[in-house]
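Each of the next two complexes has subunit A plus one more chain, namely subunit B in the first and subunit C in the second.
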Partner chain A sequence: MSTQYNIPVGAQHISLLEPLHFKFTTENEKIIKTEANVGYVHRGIEQACCSKFKFRQVSFVVGRVCGLCSISHTTCYSQVAEKLLKLDIPKRAKYLRMLVIELDRIHSHLLCLSHVAENSGFEALFMKTMRHREFSMELLEAVCGNRIQYDFSIIGGVARDLRTDVAQSILDKFKIFRPQLDELVDIYKTNWSLSLKNKGIGVLSKEDAIRLNVVGPFARASGLGVDVRNETEELLPWKEVGFEIITDTAGDVHARNMVRLKEIYVSMKIIENIINGLPEGDLISDTKAFPEGEAVNRIEAPRGELFYYAKGNKTQVLERLKIKAPTFSNIPAMVETFTNNEYASVPAIIGSYDPCLSCTSR
Partner chain B sequence: MALNKFRTKSPWILHYNAGSCNGCDIEILACLAPKYDIERFGMINTGNPKQSDIMLVTGPVTKRSRERLVDIYSQMPEPKVVIACGSCGCSGGVFRGMYNCEGGIDQYIPVDVYVPGCGCRPEQIIAGVVEALAILEKKTKDMEGSVKLHNDPIEQDGQTNRREVAAVI
Partner chain C sequence: MQVYLPLSVLMIRACHALQDKFQIEIMKTFFKTIGNLFKKPATIPFPAAPTYKPDDYRGLIVFDESLCIWCRRCETVCPPGAIVFSQNITDGKQTYHYSPYVCIYCQECVRTCPKQGCLIQSAEPGHPATKEHDVNNVWNKLFADSLESRVTYAAEKKKQQAAAKANPQS
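Take a look at the complex of A and B:
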C-alpha cells in the first residue's frame, strides 16, 4: 500500500464561492475517501421565522436563505402559506411566478456552467458565459426591480405586474440570446481541451443515483428522470406551458453541463409560451385569515427539489417552518462521486455539483 | 518606491463569504465578468490571502466562520483594506439578532468601506473598490512615513537589545 495523504480544500478556496470544507484522503493522486463539512453558513433562519417574524414577513426572510434561487424559496413558502390559509391565487399570478422561476433558472444554470469552465481551467469560456449571462440579470431587474433578491412572490400572489414593453423586451433579448446559446452549446459539447477535464470525470451511475437519493440536474444527468415540474400540476401548471424533462445517461461532468444547457432551451420555450398566453386578471388575492394546520409543498429550484413544511396555530407567528434544500439531498452522492477521481479534477467536479451551501445550512 | 505604484495600479482582491446568501458573491463574480470588468482597474481575484491587498467580505459573520475570517485577515500583509459588501455585511441586515449570527463584519475586523444594498449592485461594488484604492494609497503613505525612535538601542550582555525601542509615526 502506498502512502496516503490528507488534503484539505476550503473553507476559503479560489474555486469555492462559499465556505465549504472537503477533506480528501489521496493515494497516488487518486482520491479514496472524502469528508464534507457544510455547516459554515448556518444562520438560524428557521428559528427566526418561527419567533421573530410574522408569517407575512417570512416570505421576504426565506428569500435571503439563498441568493441564487431566492424566487424558488419565496414561491415555495408563499404556496405553503396559501395552503395553510386555504387561499386560491389568480391564474395570472401563477403564470408570472413561473416566468420569474424560469428566468432565475437561466441565470443560475449559466452561472454554474461558467463556474465549471473556470474550475476546469478554461478562463475564456468563463468570461464568455458570464457575458452572455448578463442579459438574464437585466431581464430580472426589468421584471422584478432588483438584480438579485427579487421579492416577487408574496402570500396571495405576486408583487409586481409584467409591463407589456418589458414582455416585448424579453422576447427581443431571447432572439439575440438564442444564437449565443447555440455557440455555447457547441463549445461545451465539442471543445477538446474542456472534454479532457469533463468527459468521464466524476461519474455517478444511475443505480447510485437511485440509492443515494439524488435530485436536480445532478440526477437527471445520470439518467434518473426526477423533476418536480413533471410531478405536480395543481399549484403551478407546468405542462400547460410546455415543460419537458431533459435527461442524459453518462452521469459525468460533461453530461451535467449538457443537461443544464438543454434546460435553458426548455426554460426559454416556457417563458415565450407564458408571455404569449398570459391570462388577464388580478395579481393578488387577499384574506384576513391566520395560518392553521400543517402543510408541505415541493418546488423545482434550479438545483433540484425544494421542500417546505409549515405549521400554524392561528396566530401571526408560525409554530414551525422546515426547509429542506436540494443540495442537502445531494451531499451523500457528492461525497461518494469524488472516489477514484484524480485530485486535479476536484474543482471541476465541485463546480458541476452546483452546490448551494447557504440553502443547505440555512 | 516602484512597488507602491504597482500596488495602487494593480491591487489584488480576496473574496471571503462569511455566511452570506450568495447574492453579493455572484455580484462580485459579475464584477469580474466582461460587462462590469473590474480588471480594468488591474484587479485580479486571488485565492491566496498572502498575496492580496483588498479583502471583499460578504455576509453576517456566523459563529463558525468568524475564526476563519479573523485568520484570513491576519494572514494578509499590510497595507490592507477591507470592504464589507451588502447590508448584512455592514450591519447584519435581515439576519441581525438570529442566534448564530454576529451582526456585521466590523464586530471582528476593522472595515474601511461599507457597500450597502441587498444585494449590492456591481456598480456599487466598483464604487466601493475605487474608494478603497484611495484608502490603500493613504495607508501605504502612512506606513512609509519617517519613523522616529523613542529610545536608542542599548548594548546588553554583549549584544544589541532593540526590545525597548518604540516607534512613533
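Take a look at the complex of A and C:
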C-alpha cells in the first residue's frame, strides 16, 4: 500500500465560494476517501422565524437565507403559509412568480457555469460567462426593484406588477442573449482544454444517484429525471407554460454543464410564454386568518428541490418552520463522487455541484 | 518497404494539413485578440459612470406627516423594525422615526398604510452607513426609548384618568 495523505480543503479556500470543509484522503494523486463538514454558516434563521418575526414578516426573513435563490425561498414559504391560511392566490400572481423563478434560474445557472470554468482553470470563459450573465441581473432588478434580495413573493401573491415596457425589454434582451448563449454552449461543449478537466471527471452513475437521493441538475445529469416542476402542478402550472425536463446520461462535470445550459433555453422559453400569455387579474388575495395546522411544500430551486415545513397555532408567530435546502440532499453524493478522481480535479467537481452552504446550514 | 513508403508520405501530408489548420486557427485567434483591443469594455467605470438603475427602483421610504393618522400599523408590519413612533409625555404627540440603514426596502409599510400617499417608496437608493453613524447603537437606543416613551405616556394618562375619576370636581 502506498502512503496516504490527508489534505484539508476549506473552510476558506480559493476555489470555494462559501465556507465548506472537505478532508480528502489521497493515495498518490487519487482520492480514496472524503469527509465533509457543512455547518459553518449557521445563522439561526429557523429559530428567528419561530420567535422574533410574525408569520407575514417571515417571507422577508427567509428571502435572506440565500442570495442566489432568494425568490425560491420566499415563494416556497409563501406557498406553505398560503396552505396554512387556506388561501388561493390569483393566477396572474402565479405566473409572475414563475417568471421571476425562471429569471433567477438563468442567472444562477450562468454563475455556476462560470465557476466551473474558473475552477477548471479557464479564466477567460469565466469572464465571458459572467459578462453575458449581467443582463439577467438587470432584468431581475427591473422586474423586482431589487438586484439581489427580490422580496417579490409575499403571502397571498406578489409585491409588484410586471410593467409592459419591462416585459418588452425582457423579450428584447433575450433576442440579444440567445446567440451569446449559443456561443457559450459551443465553447462548453467542444472546447478541448475544458474537456480535459470536465469530461469523465466526477462521474455519478444513475444507480448511485437513486441510492443517494440526489436532486437538481446534479441528478438530471446522471439520467435521473427528478424535477419538482415535472411532478406537481398543484401550485404553479409549469406544464401550461411549456416546461420540459432536461436530462443527460454521462453524469460527469461536462454533463452537468450541458444540463444547466439546456435548462437556460427552457427557462427562456417559459418566460416568453409567460409574457405572451400573462392573465389579467389581481396581484394579491388577502385574508385576515391566522396560520393553523401543518403543511409541507416543495419547489424546484436552481439547485434542486427545496422543501419547507411549517406549523401554525392560530397566532401571529409560527410554531415551527423547517427548511431543507437542495444542497443538503446532495451532500452524501458530493462526498462519494470524489472517490477515484485525481486531486487536481477537485475544484472543477466542487464547482459543478453548485453547492450553496448558506441555504444548507441557514 | 513498398508498403511503408506511401504510408509515411501520407502521414507527412496529414501532418502538414494539420499544421496548416492549426496555423489558420492561430491566425484567427490572433486577429480576434487584436480586434478585441478596439472593442468597448464590458464593464462600467463605476463610480465615474452610473450603473443600471430602473426608474421604479425600491429605495428609501418617504413619510408625509400631514396625512398620517398615527395608527402605527407600519411599525407593526416592518420586518426589521426600521420604523418606530415615540410619544411626547406631556401632550401625547407622536413622532415618526425611520432608519434608512435598517430598512430593507420591502415596501410592507407602504402596502399596509391605510392613508394613501402617507408613506411612499422613492427611487433613491440607500446610502452605506459609516462608522460615525454608529447605526446599531444609535437606532437600538432610539427604538427602545421610543417604546418606553409610549409606555410612560400611557401610564401617565391612566394615572390622570384615575385621578379624575377619584375627584370628579377638579
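The criterion applied here is as follows: the second predicted complex is superposed on the first by the 362 of 362 C-alpha atoms of A that agree within 3 Å, B and C clash if a C-alpha of one lies under 4 Å from a C-alpha of the other, contacts with A are read in each partner's own complex, and residues count from 1 in each chain.
To be clear about the criterion, a contact is a pair of C-beta atoms (placed from the backbone, for glycine too) under 8 Å apart; a residue touches a chain by one contact, two chains touch by 3 or more.
Keep in mind the model is a prediction, meaning the values are calculated, not measured.
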Next item on the list: Applying the touch criterion given at the start, work out whether A:56 contacts subunit B, subunit C, both or neither, answering first, second, both or neither.
Entry: second
Notebook entry, point to check: Does the superposition put A:149 against subunit B (first), subunit C (second), both, or neither?
Noted result: both
Check: For A:159, is the partner it touches subunit B (first), subunit C (second), both, or none of the two (neither)?
Finding: second
Next item on the list: Determine, for the superposed model, which of the two partners subunit B and subunit C contacts more residues of subunit A.
Entry: B
Margin query: By the touch definition at the top of the document, which applies to A:68: first (subunit B), second (subunit C), both, or neither?
Written below: first
Check: With the two structures laid over each other on chain A, which partner does A:259 touch: subunit B (first), subunit C (second), both, or neither?
Finding: neither
Margin query: On the A-aligned overlay, A:41 touches which partner chain: subunit B = first, subunit C = second, or both, or neither?
Written below: first
Next item on the list: Using the superposition on chain A described above, determine whether A:268 touches subunit B (first), subunit C (second), both, or neither.
Entry: neither
Next item on the list: Once the structures are superposed on A, label A:349 by its partner contacts, choosing first (subunit B), second (subunit C), both or neither.
Entry: neither
Next item on the list: Considering only the touch criterion stated at the top, classify A:11 as touching first (subunit B), second (subunit C), both, or neither.
Entry: first
Item checked: Overlap of the subunit B and subunit C footprints on subunit A, listed as residue numbers -> 60-61, 131, 134, 146, 149
Notebook entry, point to check: subunit C touches which residues of subunit A in the complex?
Noted result: 53-54, 56-57, 60-61, 131, 134, 138, 141-142, 144-146, 149, 151, 154, 159, 163, 166
Item checked: subunit A - residues contacting subunit B, complex -> 11-15, 17-19, 39-45, 47-48, 52, 60-61, 64-68, 70, 111, 114, 126-127, 130-131, 133-134, 137, 146-149, 356, 358
Margin query: Per the contact definition, I'd like the list of subunit C residues that touch subunit A in the complex.
Written below: 42, 52-54, 56-58, 77, 79, 104-108, 111
Note to self: Taking the touch rule as given, give the residues of subunit B at its contact with subunit A in the complex, in rising order.
What the structure shows: 16-27, 29-30, 32-35, 45-49, 59-60, 62, 64-65, 68, 72, 88, 93-95, 97-101, 118-119, 121-122
